[in-house]
Amino acid sequence: MASTFGKLFSITTFGESHGGGVGVIVDGCPPRLPISIEEIQADLDRRKPGQSRITTPRGELDEAEILSGLFEGETLGTPIAIVVRNKDARPSAYEDFKDVYRPSHADFTYEAKYGIRNWQGGGRASARETIGRVAAGAIARKLLRELAGVEVLAYVTRVHEIEASIDPGSVTLEAVESNIARCPDAEAAQAMIDRIDEARKDGDSLGGVLECVCRNVPPGLGEPVFDKLEADLAGAVMSLPASKGFEIGSGFAGTKLTGFEHNDPFTVEDGRVRTKSNRSGGVQGGISNGEDIVFRVGFKPTATIRKAQDTVDSSGKARVLEAKGRHDPCVLPRAVPMVESMALLVLADHFLRQRAQVGGS
Amino acid sequence: MASTFGKLFSITTFGESHGGGVGVIVDGCPPRLPISIEEIQADLDRRKPGQSRITTPRGELDEAEILSGLFEGETLGTPIAIVVRNKDARPSAYEDFKDVYRPSHADFTYEAKYGIRNWQGGGRASARETIGRVAAGAIARKLLRELAGVEVLAYVTRVHEIEASIDPGSVTLEAVESNIARCPDAEAAQAMIDRIDEARKDGDSLGGVLECVCRNVPPGLGEPVFDKLEADLAGAVMSLPASKGFEIGSGFAGTKLTGFEHNDPFTVEDGRVRTKSNRSGGVQGGISNGEDIVFRVGFKPTATIRKAQDTVDSSGKARVLEAKGRHDPCVLPRAVPMVESMALLVLADHFLRQRAQVGGS
Amino acid sequence: MASTFGKLFSITTFGESHGGGVGVIVDGCPPRLPISIEEIQADLDRRKPGQSRITTPRGELDEAEILSGLFEGETLGTPIAIVVRNKDARPSAYEDFKDVYRPSHADFTYEAKYGIRNWQGGGRASARETIGRVAAGAIARKLLRELAGVEVLAYVTRVHEIEASIDPGSVTLEAVESNIARCPDAEAAQAMIDRIDEARKDGDSLGGVLECVCRNVPPGLGEPVFDKLEADLAGAVMSLPASKGFEIGSGFAGTKLTGFEHNDPFTVEDGRVRTKSNRSGGVQGGISNGEDIVFRVGFKPTATIRKAQDTVDSSGKARVLEAKGRHDPCVLPRAVPMVESMALLVLADHFLRQRAQVGGS
Amino acid sequence: MASTFGKLFSITTFGESHGGGVGVIVDGCPPRLPISIEEIQADLDRRKPGQSRITTPRGELDEAEILSGLFEGETLGTPIAIVVRNKDARPSAYEDFKDVYRPSHADFTYEAKYGIRNWQGGGRASARETIGRVAAGAIARKLLRELAGVEVLAYVTRVHEIEASIDPGSVTLEAVESNIARCPDAEAAQAMIDRIDEARKDGDSLGGVLECVCRNVPPGLGEPVFDKLEADLAGAVMSLPASKGFEIGSGFAGTKLTGFEHNDPFTVEDGRVRTKSNRSGGVQGGISNGEDIVFRVGFKPTATIRKAQDTVDSSGKARVLEAKGRHDPCVLPRAVPMVESMALLVLADHFLRQRAQVGGS
């Protein structure tokens, strides 16, 4: 069940980059939630290739079809199956190096694990696999918005060494979507775009950092000890292709503070217990405390580059790889909806779990 | 099942800081593994309180008893239950502030979630809960060593701003255990100990970073797409108390490299496919590639400090907290066996899962 | 995850009777298993409607499409998605009684549970849902045959009061498929067919009993204490529509014997431990013992009948229902591949689980 | 996780017949449920050996200790660990035939599966393992009673060929507990007791049938398609030692009716949708309909008998077994609390699951 995620709001994804299609089954979505194909497509469109000059030119519209689980515009409480056909697959582009292990790709490890691999476009290891996650995330988004007013928003905070300045408390979707870098700091965004353009022309690639903020999360979500909210969030985003690090709240920087500097003092505001600072990142003891949940994810530079690289093939022979195929010079802008989806799936799951566990007497 | 971890090598922990005891059931350990109480106790002793002057003085021997699952020194393949009694519980130390929300502790969130909490020593949110993990980790350690020669070793690389210099490829258990900071860089270790001593006297606390290296992990462990090895490792260690961040291989620093700089070129050594560098951290596409798995975990400064802090109580009244109770001024040294255990549990689980999935024909 | 079955060889089904389609994702099938769409279709054809005059006339070809998980005719170890489109849906046939609770159907309970239901042809409660199970079962069948020589065969032993005489040790697929009743006792089969014809003309329906035999199951499958083989088989077949009872080996009749009469004496044959009798039904202590696994399933008479019945509608008003729609006068013949599939899925799952757990040292 | 049962109200049991002890962790019980050790002990006392002359004379008091999860008499929402020590273990009684495969016991299959077994008193295959289930069942019983008024009651309906006449709608706990056979039909009970006495003197054993009724179950529990209520109940009770068959409602007898005879007509009573008959057994389409849930379980005659039996030992040599050790001549009276517990665990789990899934908008 390695392609299943979530215990109550549960998704199972399928599909390879160049097979018949990719998709997802969402099992456990409560009934009578109004949801339309357009709402799902909106998130898929933020993920799809070819959406701007700094993303891969692969020409996929990624049009989703819902096969089950809805009736007259509402969820039935039964599994929702969503399929996206692969249309612009070009296996021939991969034919020349089908027996070559591309550096820092999953070619060698898939072969070591399975003894077989679909070498066309990365197979299951392709980020194309995340389509199912994003489609499911759109349903989780609707559920959380309707039932609890939760809002989840991610954005690019760093590309290579270009750091943006963004306030997670006030950033808006409009600001994020106002440029193709998905960085709400306009000046930094332009620098990022230029830097990505440069890398693309150079046949190279770039990494960076995303931040994600989750607002209006009710206190009480998260299940100690193994399903703490930050544990599930970390596991969720570290399952995304190219992610290399996760931190919540004060993160690694916070480890340089003393306890007195780091602790978040409690106070009462409008009759509600709040913290004066939010170094906890909205989670304490694995459970949401009602403050904004803020976490960051580091993504490595895309492994596919055009520059020549030394490697070996499956027979152990040294080879020089000059990649063709289509790819993103920087995954960050398209990773925004992926990270949001993973956060939404985690929160939806914990939202349902908390409903089941409310007090006994 | 929030206290259950692992799909095949599966553990379920129980226990509060000041209840009758803590412990674990290990379900899914293969039969006929020789294991003794001494091997389990050895890891528990590295975790136990009062082991040095820089850890909490709570006087627990943490002696484990095995109730089931073994017969004549070998595992039966049935659940292994291990219990550690709580002996030096002092609930009275917590009585004065039983209705006060300690800053950056789980008091408020447990109350928000459950509507009830055991205020004695942190209850289930206490790091005492990790006893069951460490006991189970000792069994996983034996299994992995016997069946695959895997070795897992963690050590402190930074306390506050004191950074050690350690080579993950050559560090030894002896070096780690040679000082009470569990930092194999002797000079840095001494500075860390001094700095922790200082914080303790000051009534304050410190955080830092651990690194963990897993050697001889066979290629092929990890299950895309949601149970990728780095995802499970991240989720595992982020479920430990006080952890705030996780990174693998090049981590956040690697996001500042270009793809050409970051990629690990493949080569063949002694007939085996290797990578020349290891920025991947031993995992590619979510699957081990046979190189050392190297990851880091950031721990915040201990929330319990003696300095006076502003907070509120459960009635919403402002209070000043001057903590008593016993605690660690820096969790890092005792977190070493906890992090090792989580890595061992993840690897043991994936080792068994991979045995089930080997090729079909 | 109520539509997911199995822990290692795991399936997730989707689809309503009259939605866009039905299908399944198989997750956890080992890589490099050769499997063709024809092998899957062969089992689907044994399940499909309209295959004989004693089954429902709904005109579905139930043609399966594989969307992922295969490459050049072999499994990749990644999820296998299979979709069957609904073609001959006729919602209008259900329009007249869309607010009426059909007796002994799931109309009322789905409404009570979900507050919404797809009233077209039974929605998710339709036996059409089992298409995904049968498609997945065909893959499990191939896996078990290739890796262990396991053979699973079900057949009708009773329809209404017509009881067949069949030896589970020697019955063949050819004998089962030699008549449309799927009863390998030719004389009883003819009587069953006549009796079903009669019921159909009468606007009534019939139930009966299936037996299933699993041969060449290696000793050691089954996981005490909750995943005992008979427990998983019982849970599996009792999740099929219309099943009302399960028994293994001597079953209910065996409860009338004394221990001395009932026990299966051990003996050694050709160097292998065997039992002289098989009242255990091939399972002892929840684990296969190498003898034929033999179990039986009771199916109630189809709830849909043409005869007028008293009932109520969703407003609580008394109504008389004279059903239209298309249905089977007796589900037994089409239940044969369904029961086989559930047994195959259970065995495949346990076969993989046992591979993971083999001895530790 | 073969010793874990339930998805939200989840239990993990441990322990062998002659190890240090047996017990259970209950994970997922909602917080603030008042529960006392006495309530748990009450159900354990109905299960314990030596309670009457027709049960095994093994002298165990089965006194339970709660190690965690409770605070001031209420559940914390954290795992509840319960331990019962083994006291009257007599391994020597098993020494003589420790390498002999007892007919229709799990000796051979455990050896085939694990390559090792605890031959003392059946090890994990002993019914002693059910102590953890019964202790957990007592908590589920309290939860369901407090939150929904659900009542679960089992009783013996047949021993060997002595059939009792009992109305599931009106039978009371007092009537069940009024005699040591746990059969509320006093006349049949006496005949059963006499027949069991006879079998015991004869060195033989008997089987029979239990019935279980679950009252006041709210409509809507059960999760199609694989976690239908009858599927989970069947899997649950078929995981009990010695169970050979399960049927719900009309069961196997109902398969001899026509659809017209079998269907349960709907009606409205006191504004509530009811069925006039209850051949469905309280479950339709896998979901409770609010009527009494009624199911039956067949138990084979105890495998342990004193009469001499032919068998083989682990070296394949023919042996004659004349069992010593202590055992029940008929498991039915002690199986009553076991079956109740499994039903309670299934219902508690589904009760929580349904709370999570209530309507979306």
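As written, the chains take the letters A, B, C and D, and residue 1 is the first residue of each chain.
Keep this in mind: a contact is a pair of C-beta atoms (placed from the backbone, for glycine too) under 8 Å apart; a residue touches a chain by one contact, two chains touch by 3 or more.
Small disclaimer: the values here were computed from a predicted structure and weren't measured.
Asks: Relative to chain C, which chain's C-alpha centre is the most remote?
Replies: The chain farthest from chain C, judged by C-alpha centres, is B.
Asks: Higher C-beta contact count, A-C or A-B?
Replies: By the number of C-beta pairs in contact, the winner is A-B.
Asks: For chain A versus chain C, what separation do you get between their C-alpha means, in angstrom?
Replies: Whole-Å distance between the two chain centres: 38.
Asks: Where the CA atoms of chain A average out and where those of chain B average out, how many Å apart are those spots?
Replies: Each chain's C-alpha centroid was found; their separation is 26 Å.
Asks: Two or more other chains in contact with one residue: find those residues in chain D.
Replies: Correct list: 1-4, 7-8, 13, 28, 31-32, 74-75, 77-78, 113-116, 124, 224, 353, 357, 359.
Asks: Per the contact definition, I'd like the list of chain C residues that touch chain D in the complex.
Replies: 1-5, 7, 13, 101, 103-106, 108-110, 112-116, 124-125, 129, 158, 160-161, 199, 204-209, 219-228, 230-236, 238-239, 241, 243-252, 254-268, 271, 273, 275-276, 279-281, 283-290, 298-305, 307, 309-312, 316, 318, 353-354, 357, 359
Asks: Would you mind writing out the residues of chain A in touch with chain D in their complex?
Replies: Listed in rising order, the residues of chain A that touch chain D are 7-8, 28-34, 74-75, 77-78, 143, 146-147, 224, 352-353, 355-361.
Asks: Could you please specify the touching residues of chain C with respect to chain A in the complex?
Replies: 1-4, 7-8, 10, 12-16, 19-23, 25, 27-28, 31-32, 65-71, 74-81, 83, 113-118, 123-124
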